[in-house]
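Presented below is the structure to which this report refers.
Letters A, B, C, D, E and F name the chains as they come in the text, with residue numbers starting at 1 for each one.
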Amino acid sequence: MIIIITLGKKEGSVKRADGRAFDELRPIKIEAGVLERADGSAYLEFGGNKVLVAVYGPREFHIRRFQKPDQAVVRCRYNMAPFSVDDRKRPGPDRRSVEISKITSEALAPAVFLEKYPRSTIDVFIEVLEAEGGTRCAGITAASVAMADAGIPMRDMVVACAAGKADDNVVLDLSEKEDKEGQADLPVAVMPRTGEITLIQMDGNLSSEEFEKALDLALEGCKKISEIQKDALKTRYGE
Amino acid sequence: MIIIITLGKKEGSVKRADGRAFDELRPIKIEAGVLERADGSAYLEFGGNKVLVAVYGPREFHIRRFQKPDQAVVRCRYNMAPFSVDDRKRPGPDRRSVEISKITSEALAPAVFLEKYPRSTIDVFIEVLEAEGGTRCAGITAASVAMADAGIPMRDMVVACAAGKADDNVVLDLSEKEDKEGQADLPVAVMPRTGEITLIQMDGNLSSEEFEKALDLALEGCKKISEIQKDALKTRYGE
Amino acid sequence: MIIIITLGKKEGSVKRADGRAFDELRPIKIEAGVLERADGSAYLEFGGNKVLVAVYGPREFHIRRFQKPDQAVVRCRYNMAPFSVDDRKRPGPDRRSVEISKITSEALAPAVFLEKYPRSTIDVFIEVLEAEGGTRCAGITAASVAMADAGIPMRDMVVACAAGKADDNVVLDLSEKEDKEGQADLPVAVMPRTGEITLIQMDGNLSSEEFEKALDLALEGCKKISEIQKDALKTRYGE
Amino acid sequence: MVNKMVDIIPEITKKSITNLINNGERADNRALDEYRDITLETGVITKAEGSARVKIGNTQIMIGAKSQIAEPFPDTPKNGVLMTNSELLPMASPTFEPGPPDERSVELSRVVDRCLREGGVIDLEKLCIIPGEKVWMIFLDIHVLDYDGNLMDAAALGCLAAIMDTKIPEATVRDGEIVIDKEKLIELPIKEKALLCTFAKIGNELVLDPSLEEERVMGARITVGVIEDGSVCAMQKGGEEPLTKEEIMKAIKITKEKTDILRKHLN
Amino acid sequence: MVNKMVDIIPEITKKSITNLINNGERADNRALDEYRDITLETGVITKAEGSARVKIGNTQIMIGAKSQIAEPFPDTPKNGVLMTNSELLPMASPTFEPGPPDERSVELSRVVDRCLREGGVIDLEKLCIIPGEKVWMIFLDIHVLDYDGNLMDAAALGCLAAIMDTKIPEATVRDGEIVIDKEKLIELPIKEKALLCTFAKIGNELVLDPSLEEERVMGARITVGVIEDGSVCAMQKGGEEPLTKEEIMKAIKITKEKTDILRKHLN
Amino acid sequence: MVNKMVDIIPEITKKSITNLINNGERADNRALDEYRDITLETGVITKAEGSARVKIGNTQIMIGAKSQIAEPFPDTPKNGVLMTNSELLPMASPTFEPGPPDERSVELSRVVDRCLREGGVIDLEKLCIIPGEKVWMIFLDIHVLDYDGNLMDAAALGCLAAIMDTKIPEATVRDGEIVIDKEKLIELPIKEKALLCTFAKIGNELVLDPSLEEERVMGARITVGVIEDGSVCAMQKGGEEPLTKEEIMKAIKITKEKTDILRKHLN
């Protein structure tokens, strides 16, 4: 039920602090259907990140004035467990998690046939159990698997991955250390079938050329992770 | 209108810090019908505890989705006045008062013919004006009188009292000092007609034998207090 | 579009710290219709005070149980910008702004034909962008202009002004310094056509005679400001 | 911006109360400028350093005072601090809801606070322990138990009584250390006795000490605070109808007379 | 005063579960005093100083422990501090909503906290660094991931396991300075192994470890905490129906037996 | 998890705006890559240490800067602190409600903050007074007064102008004491001029500086921040439709050109 994939090193190019090649992902495993009560769920480990996602819905949106008359609404709640980071995090939403919740909702919505469920809500709860750089991408990747596990009809399975710049090199999938000390971070989410981008954020400093290189690298990373998402569903539901 | 009862000492057994026998209650007085606006009310002094209770209802529960379609809901709010304790207490609910509010609701509900009032709420407001150990039991005891004063049909009048262990002795009705320095506290609420227990909590350390002894002592204490509850109603409404 | 009026000095009487005569107002300018989205708006400068007001409504009150079945409700929100005072003010309402919001609503309501709009709300948002003593009066004065700009039918245009006591003299329109160090402050709002008072507050120490003198002075000040309100509307809408 | 529960009064009730008052009469037979029965007990809460329970008619309020050592406000480094807080307990009225203070509660505590503070009731300078560093902070908690109209006057009277009842430990400074002697209790330094009177405008008249029924139909409310020499120290208008200057001056005049009488009962 | 979502159970479901239990049977074929399968993993969160994931049936809880240096409580100046917090995550049940802890969450963490504290699980005196000034504060965060009944027992078991898994840095005092040696990790000083057992009263019987389905139809709930020698250290009744003294004494008896077995698995 | 007010736009409005844009036209006759009129005033609030009022079309924002002395963050002990806060005032739009910042407000202030911080606008090291102990903290309060689309660009431009307008007192350290000279005001140490450009994807086109009407019908939004040498320092996509890589690269290209022009007006 658990897939462990350590993606092999490629070219002997740039060596990173943790020994990875510039275009190498951290080990990933994804498991679908790990919770009893939720309509769909997934557990993902990505490097040191541990993320659990539960999906409820489509279900009736019980607050009338927030319903959309012609489609469903995707509502995400990204939350970090108090013990997920070095210094205990106080429970409850902070400004960072409010922003991530918003852009995660927007990253997932394009893939869903929302128009099938007017006046409904699809609630996605992302719990970061342990954080080590890249939790928002990990959350989106796991959320797609959980939505598929919930049987929500989707035109594609959104997948996310970051690239960035560390030690003057453009690299894939920043580790926690690279994220903190690095020069730029570029998380990206895509629908892999069309290559359309559903989330992009950036902070740091990248020339246009570096930006394009990082974006291409992130898109490449997304493709690899997409395969692992599919494998997780196959493992659960068979071919 | 005010009944003052100092329950006489029994056996020359264990002497406590405040001179009481092991099975001796602190002085109690209860007065029913002390507020104008509330549907029912009661004021209770129990040792140094001063507790005021107001009851409103049965009245319509104005939030639809919290209504129970086939019965009334008992909602309690236990609150301590800022000046009721040695160091001023900040206004508003804390975790302790949230828990006591919950178990007080559950302690009172079994005695009420809830099924007579579908979709309704019975609101019980317990104000601790001065606290000296045992306020949750004092609140429940006073709340029953206030509910009777409000004319709410009940199968019995719930009464509460604690026993515990202090100075290695099992004793009735811990004082503030005995509660803080003591070895165990066991608050109990009963419906005296059947002896059925509607609230029980414990913390500390009691062997099974001590536990049973303390429970029996508490039940005995409840019986005595039950008489004072009845007297308070008689004083208000006549025989 | 902007009217600047420095009201000339009268008698050579009492000189104040800022050189004004005892019955002299600080310079005022009022501009109506300064915002695009609001139904009505006004900007006012009064000495160093800078106040912006937006009015929305009459519009449906979306919370049913707060609707009045036979009339509209005037709801004010008085708010100070974090940068409006010497030490940065934390965003969000404090006790002072809650009180001012309440009495401002009550100061404006008498002038409005509320009965024309049952179940509706008229929302008045007062933003203090810079504060230099007298912001509540400035807010009320600007709010009336904004309500007129919104086309809300009114029997009169409420106007407000404070008088007080500083350096043992009864004076009009206290400056920030006079307000802080002074002996009394008396903000007043009136409907100038009838002279009826819709807001009065006082704190400090005034004998009856001083009180009456201060009240008369404030009423006189209101009359002057009332003309400036009218000019602002004429400038916007023509005669 | 606070939403208010709407309290709908039958038009007929409003009319009958108004007609009575226009004839100089009240439903409970009081004169227009007459208080209901007032009861005042002090020392009712042992754990409070001062306390009072006040009843005006069926309105019932309990006040407790607590002292603690705190830093002074930066702009008054040599003054002690008075904090006035009120809770409109849901037990007191079906229209009061649990939760943080709403605008009615805030107005109540702020008006009472202004009356006490601007009236100079406590000599705050005498509550300074080390200038700029440590002063006494006195908390007054106004606990509204039963609401039958005119909370302002009851709260102000109860607060004044609680302050007069309060004893705090002696604090002295020895070698830069603050020594609190809990055996040696001293009274608060009281300079003045400020009180409030509240009037409702109903029909063409002002009535003193409105009952709940009168408050529900009143057009406006005016509260006046005065000190012993008759000077005005606080004022607050409420309600959605206007008042005239004459009405306000009349309210001041009656307040002086009535608080003189009230004040005598306080000693 | 907290409003509760109303959970309406079809009368027929209630009856069928109750009838089964009155016949000594349960829907999942357990004996009345039998736990569901229990799984316990520790050390699951690297960044936590101690952690545990516990499953009882489909109920799943994760617990993380974190230490920090803090001031002691004024009344226990020589003791470290244990803080127990719980979150009923909305992921765990459609009836859990985001927001501050509701009364169910508060009750859960307070009962578990009492079991650990009154059961004397940690020797808090050994967590003192400088008496009256600095002590270790241990945070236990109970993260409820999947709710299928009986959170209390799962949380208590997981907390005990997380405490046993916890290693904190050594803190020593040199010349009045606290030196934290993050290389030298030491176990928490454990004195006792207190655990909870929870019973639901359904029909005429008490059933151990109620499933969600059983909780939804139960009349009352009783949770008992005991330590190694069989003494009772905590108890909490819940639910809107009464219990008899006999039922409570029976619950204590079964709890002793069952926690003895559970405890053996913890070493 | 924040609930959003639903804004329903008639299908016909959406179509007509989209058709226009697909033809390279806009309702207000602008080119697709053209800003509305921009007005910028600084020094508008005397009590603020720096301030700006910016209008882009009818969108109007006021920004005030305030300094105070504070402790540095533990991970950057030698750096001053920049705090960016925004309020979507209910006066600015019928869809803005009073209360704590919602997700739109949080996103606005965080994206502007990232642009300023990652763009290196202020040399934060120069705001250190005593390393690890005391640094200057600069508060930027973004006060949204009138909302007619494209808050991001207006806020970033206004913040940069307010920062350039800000003068803080000189702080020196003498004998371990911090001396603040309020007579000697110095400008903030400015290193860079980072700005944002925002595009709406409508139909098949990206349009710069979307008006409110355009925002209401847009499928996606992309905001790009660049510094003087054309490097990208911030980016944020919004909205529930996807974008292509080509669109993003195009947005970067236009942003460079447009911010070059904007920047010239700032000196």
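As a convention for this text, a contact is a pair of C-beta atoms (placed from the backbone, for glycine too) under 8 Å apart; a residue touches a chain by one contact, two chains touch by 3 or more.
Remember, predicted model here, so these are calculated numbers, not experimental data.
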Fewest touching-chain hops separating chain B from chain E | 1
Higher number of C-beta pairs in contact (A-E or A-F) found for A-F
Of all other chains, the one whose Cα centre sits farthest from chain A = D
With chain centres set to the mean of the C-alpha atoms, which chain is at the far end from chain C?
-> E
If you average the CA atoms of chain A and of chain B, how far apart do the two points sit, in angstrom?
-> 52
Where the CA atoms of chain C average out and where those of chain E average out, how many Å apart are those spots?
-> 58
How big is the gap, in whole Å, between where the Cα atoms of chain E centre and where those of chain F centre?
-> 48
Enumerate the residues of chain A that touch no fewer than two other chains.
-> 65, 77, 123
Where chain F touches two or more other chains at once, the residues are 1, 90, 98
Are the chains arranged, by touching, as a line, ring, star, complete graph, or other?
-> ring
Take chain A as the starting point, go toward chain F, and spell out the full loop of chains.
-> A, F, C, D, B, E
What does chain A use to touch chain E in their complex?
-> 35-38, 41, 48, 50, 52-54, 56, 59, 77, 79, 81-88, 91-92, 123, 125, 127, 129-132
Complex contacts: residues of chain D adjacent to chain B = 45-48, 51, 58, 60, 62, 64-66, 68, 85, 87, 89-94, 98, 100, 139, 141, 143, 145-148
For chain D, which residues are in contact with chain C within the complex?
-> 1-6, 8, 101, 103, 106-107, 109-110, 114, 117-118, 120, 222, 227, 230-245, 248-249, 252-253, 256
Using the touch rule from the top, collect the residues of chain C that touch chain D in their complex.
-> 63, 65-69, 73, 75-77, 95-96, 98-99, 101-103, 106, 109-110, 123, 186, 190-191, 194-208, 211-212, 215, 219
